[in-house]
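In what follows, a single structure is set out as structure tokens and then discussed.
Every chain is named by a letter (A, B, C, D and E) in the order it is written, and numbering of its residues begins at 1.
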Amino acid sequence: MIADIITIVRDNWLLLLVGQYPNGPLGGIAATLILSVLSIALAFPVSVLLALARLSKAPLLYWPATAVVFIARGVPLLMLILWTYFMVPIITGYNVPGFATMLVTLVIYEGAFLSEIVRGGILALGRGQMEAAKALGHGGASAMLYIILPQALFNVLPSILSQFVSAIKETTLGYVINVPELTFAANQINNQLLTKPFQVFFILALIYYVVCWSLTRAATLLERRIVTKRSGLSGAPLALTATAATVEP
Amino acid sequence: MTQSQPAQAGAPMITFSNVQKRYGAVPALIDINAEVARGEVVVVCGPSGSGKSTLIRTVNRLEEIQAGSIQFDGQEVHGSLRGKQLNRLRSRIGFVFQSFNLFPHLSALDNVMLSPIKINGASREAARATAMRLLDRVGLSNKIQSFPAQLSGGQQQRVAIARALAMEPPAMLFDEPTSALDPEMVGEVLAVMRSLASEGMTMMCVTHEMGFARDVADRVWFMDAGRILEAATPDEFFRNPQHERAKRFLADLRH
Amino acid sequence: MTQSQPAQAGAPMITFSNVQKRYGAVPALIDINAEVARGEVVVVCGPSGSGKSTLIRTVNRLEEIQAGSIQFDGQEVHGSLRGKQLNRLRSRIGFVFQSFNLFPHLSALDNVMLSPIKINGASREAARATAMRLLDRVGLSNKIQSFPAQLSGGQQQRVAIARALAMEPPAMLFDEPTSALDPEMVGEVLAVMRSLASEGMTMMCVTHEMGFARDVADRVWFMDAGRILEAATPDEFFRNPQHERAKRFLADLRH
Amino acid sequence: DQLADIMARKELRCGTFADVPPFAAPDPKTREMVGHDVDLCVAIAKDWGVEAKITPLSVEARVPEVKLGRVDLTIANLAYTLSRAEQIQFSDPYYLAKEMLAVKASDPGTSKADFKGKRLASTKGSTSEMSIKMNGSDPLTFQDTGSAFMAVQQNKALGMVANTMTITKLVNESKTKGVELKMIQEPMVFQPIGVGMKKDEPALLAKVNATLKKLDDAGFLNADWNKWLGPDTEFKMTRTDKVVPLSELKFEPIP
Amino acid sequence: MKGFDPLAILQNPEFGRMLLHGLEMTFVIAIGSWCLAMSLALVLLAIRLAPSRILEGVAIAYVSYHRNVPTLVQLILWYFGVSSLLPDQAQYWLNDHNAESIFAILGLGLCQAAYFSEDLRSGLRAVSPGQEEAARALGHGRIGALRYVLMPQAIRNALPALVNHSVSLFKNSSLAMAIGVAELTHAVKEVENVSFRTFEVYLIATVVYLVCSLMIMAAGELLMRRAAIAGGR
């Protein structure tokens, strides 16, 4: 079993790392990472706009944004990918490559989820900050830009990082529209070997775990730093266990 | 900065005329007619829920009114004022909240500098000089780099006052500025307010600090159930309140 | 319910002997020796951070101590007491928090009924009767079905007192019970506390309400930096405080 | 007219599978797309004097892509069925595939009828799956052939169905690894494999049919076959078919 | 688009039957794994609250694995990996009793339990420390405080997150097709493969998934409104 795994990795490490590149499209871990980094980076501004639209009182902003958020969250990503894949070329008239399709879908999908995080961050600030900004004479845009968003986004950074982890896991579905990424590479290896799916998927699980765990860890550390930084003001929410330590003999 | 043309010196700073305000069906302000003169210090008191906060929040339009009008420095606050003009007007009315509402992501200095730079377009240097002067004035020149979370409640409230003063407002509104403070810290905030008053700042303060009202106020407005029941000098009000409700209120405060 | 055998009537209700308490390296209580007699009302005051809360929280072991001993009604609180026994002891010490800490998911009535039923095994009917009586006593018989969020601060604190009384404690501890309240509501809570005192309840109150201390307290303990600096009758304390620190403290409170 | 478009842009876009060796899959060493279908596409393009462009397609995408005209031809083991022929048009079959059944060597069954009502594994969305249903057996489907093989090894299914070469290869491999399998000689189903195209493109269809015939006559199809599937490969298969029009083929089409 | 005709799918009794059967399977998987996930989440929570470093470490590792490996890969490991380690008798028994669905429920349920337990834990953390102190000061034990005071509030706090994760559990049930469960997405692909009417079947599936997800969200909303504490917070 372990020997199998070592052999598989030795024979296929380049395919797992970069896919068929440069003799074909970039794939493997590289594609997975590029896809997830790009999708989060692009989804971020989208999510802020969606969140603001969903907080706005104008029905013309609120309803379309709400519809996008609910549809994107209510349909399996697989369905969304297939729709973008088939519909975007029909709508735009341009032939869009699979990578771009995957990226667009992930941006919409992640954007919808992130927007709820951002919205939550803004709502969690409470009315006081907005009122203080208004009372000083800041307009809506200025208050958002200099006062509300810097705080809200900073507070939700850990959730944003967690969403990043999901994005990495969701790129898995790229294989459906032949976007070569890590799972796709594993599948190619699997079909080459035919008799060792368990070993191949074990390697796959291990790679995902290492990549995602590092990020989750980063998120935890960040969360801790934020709590420490803010604790002077609010008295960091004590975990039940922490409180219990003082209560229990 | 184009200053809106100030009314002549004798005219009142704030004028309420027939102001009516409801939350849904609940009336919060009923038929308010009152004036705050230039340089006058008005203390607003009254039982909880009587409409004190609502009253001063209508002055810079944090709350809308349903009828009547409010003039600030000769300018109509409600009505057609929108966007930029409203922001300009608001920047000329200092407002201090019970819960400080400092911006926690900015240092004390940056809290004070932000609005002059972003709203008035002041240069960083000028804003910095003003901010340092104001923080010194409220006794915090040694805390300029501290973040709100690192300051005590009293210190935070003093930064909040400096922040409001940075916009050089002709009048300041205070909504229970000391009631979120530990009893010991109340004094330091009241001291700053006293010194403002002594320099001729027009002030409207909602507060339960009757000592402050007695010493500093030119007039005390007593509110109940959305109306101003009494408007009198502190002397008259504390010695001889006219309304039953005011008498009971003063008795309650003394426990 | 097996009642732990009460000490003889003359013995003190609460005894602190050489109590030491640190948070990490920071000392919070230093060498505390003091007693609260049966039926006595002690008011604890002192500047912020002086250890007042820590002191009363050690009495029902919400905080551990590092050395010394605390006896409640003849029973050692710290030391070997564990699990069930500790819970039983705690249920006999009424504790009222500054922030009320009512259970927000339960109505006023259920807040008061929960512990007698779940801890003492009282029947619903008996618990209900007691709860109604106690809520009536604190003047809230018309609010029994309200949830905490629907009550004013003063009302919430009165429910909290009723909740503590439902366990029929021989003594009550109060940690700044009125400092989260609007000034007007302070009176209604103090009134309940006054009536408890007049009925002979043993009480330890951390409070800044000096009027209450003057009228009701048998003794005032003044704390600073983890020590009890003065323990005197209110008369002595207010007229002629011995320590410099106490003088300054009293001056601060008067602004 | 799509044919004219192809000639004008001097590029023939072929959709192939991406992970189905030996038809189309990356070479593990060079990581370039290689296989029988790839060579066939290149040959057709060469014959027409245009460049071949290989687009790897997933099972989900291989039909919509031709329907939308984003690839010109799908060369991906596309088996002719009646309902599929309503959506796209098929060229004359270049090869008559057999779906074969492999079961454990120890299994007493010898004909496909013996596995009626039994569970058989295959890949998802394949004609193998349909053939299992037509046989009255119970399909258990997976994303890839490896998983189906694994399922048989782990007794999750009695046997598995795939095309002849896959089954041949797996039976050979099972001799050295895991539980030995045997191939049931009677095919589950015959299926003519053709090139898929958009409907209503008669010129393209005619041209493709002509080219296939020409390539067959020139011996290319046999050579290509031998290169990837022939006696010198692990599949050890010989091509006996000729390109013949569908109408002349005697077989019972899958609905 | 020419020839686009969803009705052609729905009116075909064979296709309709396949899709309905798929939907039924989706519900079985989703509901089964939800129940498993919720019970396991409570166990995990209890483990994390227990004053044992080792147990806590186990719970942390559990959550870490399930959150950092794609669910699809987890399912495959269950179905092909773990099952092959079982004794032969158990394997035969499982294979006779729809092993695919059992492993799908197991895999999805175990994975989702990690999320549910984290939701509950943050719900618990959001209850102010004063609540526990108040309960303990009244004489409630640890268990009593949890049961009567903390958990009722924690669950209310966690409801939005629990609803969100229930929706994603429902959507993730589509991954079960990777190990051969004939659930809705599987049925969709089957119908697609037979008919080659890709757009039509995907449209039908999208609508079905969306409607079900929205119904879960609406049910969650209703629950939150009913559980809302009078007077708000």
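One rule holds in what follows: a residue touches a chain if its C-beta (ideal position, glycine included) is under 8 Å from a C-beta of that chain, and two chains touch if they have at least 3 such contacts.
Every value quoted in this text rests on a predicted model; they were computed, and no experiment measured them.
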Give the chain pair, either D-E or A-D, that is connected by more C-beta contacts. A-D
Compute per-chain Cα centres, compare each with the mean of all protein Cα atoms, and return the closest chain. A
Most distant chain from chain A by Cα centroid: C
Hey, how far is the Cα centre of chain B from the one of chain D, in Å? 81
How many angstrom lie between the CA centroids of chain B and chain E, rounded to a whole number? 53
Could you state the distance in Å from the CA-based centre of chain D to that of chain E? 37
Chain centres from averaged Cα atoms put chain A and chain B apart, in whole Å, by 45
Where does chain E touch two or more other chains at once, residue-wise? 76, 80, 84, 128, 133, 136, 198-199
Two or more other chains in contact with one residue: find those residues in chain D. 60, 64, 143, 147, 150
Give me the residues of chain A that touch two or more other chains. 82, 86, 90, 197-198, 247
Show me the residue ranges of chain E that touch chain D in the complex, using the header's touch definition. 3, 76, 80, 83-84, 91-92, 95, 99-100, 177-180, 186, 189-190, 192-199
Provide the residue numbers of chain E that touch chain A in the complex, in ascending order. 1, 48-49, 51, 64-65, 67-74, 76-77, 80-81, 84, 124-129, 132-133, 136, 142, 150, 164, 167, 171-172, 174, 185, 198-199, 202, 205-206, 209-210, 213-214, 217
Tell me, which parts of chain D touch chain E in their complex? 59-60, 63-64, 67, 81, 83-84, 86-88, 121, 124-126, 129-130, 140-143, 147, 150-151, 154-156
Taking the touch rule as given, give the residues of chain B at its contact with chain C in the complex, in rising order. 47-48, 179, 182-184, 186-187, 190, 208-209, 211-212, 249, 252-255
Looking at the complex, which residues from chain B come into contact with chain A? 60, 62, 83-84, 87-93, 95, 97, 99, 101-105, 114-115, 118-119, 147-150, 163-164, 167
